[in-house]
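Just so it is clear, A, B, C, D and E label the chains in written order, and each chain counts residues from 1 on its own.
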């Protein structure tokens, strides 16, 4: 039973850029319905690892298993088909398009009936309504219009849009690379609540964050990444937060 | 459906008469010169001339556009140097339907259809003239050697270029595929491309001793390359155009000969005919060939037997362009 | 203020303003410019470059560029004209189909090189242009005239309101602009085109198949070039390898004058059509003024810059400092 | 691996590889290509476009483009040739100075419109091109020949190692490439040029005077065009309004073939010079092969695409998916 | 005496984008040798305000005083001349250039002697050495090479470069817009230490941050921004951290 609870598993992932080894034969394991946090120093290779899991980057070597079956993601589309949705650290938005268009990019809603099926007309009104609702839920209140272009948004507003997007479409796994980095106090709470509610709905969340107290509080498991690989997989409470930080920074040995 | 314009009937002064003059492009001094001459002639006749040009050689859509714009502006006659002898016809026919008289200069319209008169160079004849002369000059200079001919072409499919080259080869008495034609390059009639093409051909065949050039800029480029290779004496270079610059090149020995054409005649005769037609309704009479050949004259300072020519002094006095 | 807000929402407002300014200018300075007949002629002049400019806009929106559009049109037109020689009008339906296949296929070759091998569009289409221009001349050095029939039907027309002469081709180009505007602004695919041009990485990460979008863009552009060839038969049933030699730069100009960014992701097809009209109005107006072609050319250069400056002004772009 | 690392560090490695491949190809397939004489001719052919391509590279590095470079060269050359008529050689020093002022000034006009009014470089320089081409023809319709003197000195030369004929102009173009490469990679200004092209907002925020960098780039480009005009006198003392009509596209091609991005911020002048040579080697080699010009043209198109593909391959660019 | 201690003062600053009012007649006051934090919700207008102070954006109205004299910054260059250096929220780096080049962009070092003054040759070696030292000081240890292009850096690495840059060159005032958002535990500590040492050297620091505990701990004054304007200027300790957050989010009245 333990084995098939694992939604996403990766073994021996390696990714090298030139002579920079970003991910060094790292393992990864995510269970169904859990919040797994990935913590580690800047440049440890966290983003590179999750880019491999989300299909954005093809690893040099290593295997990925989805519900126990080996898969090979050639593009983010492949991962999305498997229900894996990702908030990238640099957000991946199209600056020229408005908020609603970015939220629904690649999964636009068409009108029902002939207008949609024959004329393939977008139902912008519905998309805008839903987009507004998702953002409201996350506690973003300063947005003046859902038709603002993303290039005109504040840093935090932009991040909220990316988070909302992943939350809506990640039916299986939601990966978030530092989703609260630019967020204010209230908005951060909104996102953490959202993460919990995703978990409670039986989906799994991978959270990369430098906010150790929040991580310690919210996570079911913590993946400690250091110098390109997972050096420890812990359960909060088994170890004090300070010790965890010690392991992460290399001050303490992994065990 | 042609509606006679009332305003024309009211005044007797030629000043009310507007004529359109459309050349191939204005990227070549030949056409710019022809336009200037047309403008001068129009002034002399007291008519208003409006002018236009295609964007590049072959730009038929641009000329159709110009014809339409001129009809709108109320011209009574249009004189055109067509970029395509066939494709221009429907536009000219439509102009005639709207009561606008049409004439051609420099290049004939296919079958001289849809025009009341044409004044043009016989480009084939000019080519033949050049070919015959170069052949004779070659025989005279380099007795015993075989000719190695290089062609500085325009680019294929452009009527004038095809006619001149065919004429030259016929006049010389060789075919394009004969071994005597050792190299050919397209230059677009451009000086620097002519120079580069000639340099490359000389690398391939250092023995080239006869060069044909489609026009004088390309010829000038070719002559530069030949001079740089120290072969000016060994190569006969013939060109076609007859601009004052070309005549000067013959004079200073860069070209062996050039064939002169007469754009001023084309401009003056066509304007004159257009004004006559508008005023009196008389169409110019054309010879059985369907057009008036404004003539070609060989310009050289090296006479050969049996070929009539004019020397560069005459050439300098009768050339076109800035003297 | 209201006007500026409208302009920000509709980026083709600037080019439209420039167009109107020019029309007023020429209507005042010449007696012949402002007439139903002249406007109808200008519209007819717009059909070929206007159609090509639509394909060019699509490609430029994806941060590409097409230097081969005129050459593709020419090859398509030559093939169609050759096939139509001595054939009855009815056969021209099939011939048209061939033309669309040829142009679509050629543009798709560029598309594959750009999308699949990530080669710069400038070089790919420059190479295609070089090859196809020579290829067209190898294929036919004659001027070919197509017999009347479906191939030339776009040039036929009648009168609107009794005074405004109009051809089917004008309707077709305007309809194409509207359809393409709809597709770009009201369908998912259109949004993906903007996304691919604006931020290809983001587009890819949101699951858009960037390669496929690019391929379809080049294919659709190719079909528009075939439509352009058809329109060209309406303008003149005679075609040769030497026509539309400057269509590439002409369409890029129309697109840029129409407010589309060469860096991708921003622009409209309506703007491009206005850009086409701006150039034609300039030519027509300057001809009516009776200026010499060389002086016309000088003024054209200046006015094109002025038109774009006016566009920038209406958009009040933030300036570099 | 080592080769690839080298290639990543020196982006002109790809174009160089393409150039070498072509040279080997033609040396094998023709008997006349591989000779000191032929290489010396190709180098001499490179002096004008090679020099113009340097200016074009500078402008493209700032995410601009210059369609007017050939036209500026022509105006400068005409002015110099006109002034030199009937003057003693000594007067040509002053005349050269005038040429540099004229070309620098004209390019600066484009620069002001781009930098100060934020107009797109494509349209600004297209407008300049249109105006200057016509202007040059209005200025002089004659072919003007400059008398021997400083103006034509770049065409004179001698022999290197007894066999390799070379002109001063070849030394000058190679020296220009090296100096400009130094300036772009080893001086602050060079870095600012890349910064302005790569991310103008960031450049501005780090305190770089973006406008001034742009103005200087256009000015320097203009001076290089004057140098190009001087080189052109070395190639041929005769000049007219009709030369170098395709220099704009020729130089853009050389620059792009040389590995510089049209989006700015990436590229090298050395690559652009190799790009110039690639085109010339192609033309020379295909002529030596004795192919029909039209087939030559078809092959040129294909080989230009192949050269860039080879470049991409050596850089192993991450592909779109 | 109180008055001339103010280094930078702004009165009634207003900045509008279309019909979005980003800064609504806001005041601002920074004293010499202090750390002033600016806190506020996402989209409150913090970044817009400091862009005005750093010369990046010209305000629609309002006045700025530097050491009591009115100034008008037309570009970041103007502000930099006055010794004001800024870390922008979106970092403002040139992706194609390497780390050292970005660090010294606009203030490159030349060789001494003829090489520098005549040939104007850059002293890349020295710049790289200094750059490396500055980054080491901030505790970034995963950087493999100072000649890496910035586009290949991890989010945190990139941010460290931007912070290092401002710290080196800001002789009078250093403005940092969320400088620790992407940073790990150790790196964040490095930046906070840096901020203190800048203050201790007599320079002033403006810190925008959503990390309220750190802000509370480090700041001399706290500027609370809400809906485009400063609604309160507090000294930590005068008010509890929770009350401060309440004011910031609008849950409590400003006074």
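The criterion applied here is as follows: a contact is a pair of C-beta atoms (placed from the backbone, for glycine too) under 8 Å apart; a residue touches a chain by one contact, two chains touch by 3 or more.
For clarity, every value in this text was computed on a predicted model and none was experimentally measured.
Among the pairs B-C and D-E, the greater number of C-beta contacts is found at B-C. Using the average of C-alpha coordinates as each chain's centre, E ends up farthest from chain C. Of all chains, the one whose mean C-alpha position sits at the greatest distance from that of chain A is B. Remark: chain D and chain E have CA centroids separated by 43 Å (rounded to whole angstrom).
Computed centre separation for the pair chain A/chain E is 29 angstrom, with centres defined by C-alpha atoms. Chain centres here are Cα means. That of chain B falls 33 Å from that of chain D. For the pair chain A and chain B, the distance between C-alpha centroids works out to 72 Å.
Multi-chain contact residues of chain E, defined as those touching 2 or more other chains: 19, 75.
Each of the following residues of chain D touches two or more other chains: 133-134, 137, 204, 209, 294, 297, 321.
Shared interface positions of chain B, i.e. residues touching 2 or more other chains, are given as 26, 32, 155-156.
Across the complex, chain D is touched by residues 26-29, 32-33, 153, 155-156, 183-186, 190-192, 195-197, 199-201, 203-204, 217, 220-221, 224, 243-245, 321-322 of chain B. Chain contact summary for the complex, chain D toward chain B: residues 30, 32-33, 35, 37-38, 41, 44-45, 48, 133-134, 137, 140-143, 232, 235-236, 238, 240-246, 280, 283-284, 287-288, 290, 292-294, 297. Those residues of chain C that touch chain D in the shared complex are 63, 65, 113, 115-120, 122-124, 126-135, 137-138, 200, 204, 209-211, 214, 249, 252-253, 256-257, 261-263, 293-298, 300-302, 304-305, 308-309, 312, 317, 319-321.
For chain E in complex with chain A, the touching residues are 17, 19-20, 40-44, 47, 89-90, 140-145, 148, 152-157, 160, 178, 181-188, 210, 212, 227, 245, 248-249.
Against chain A, in their complex, chain C makes its touches with residues 186-189, 191-192, 194-195, 198-199, 201-209, 265-266.
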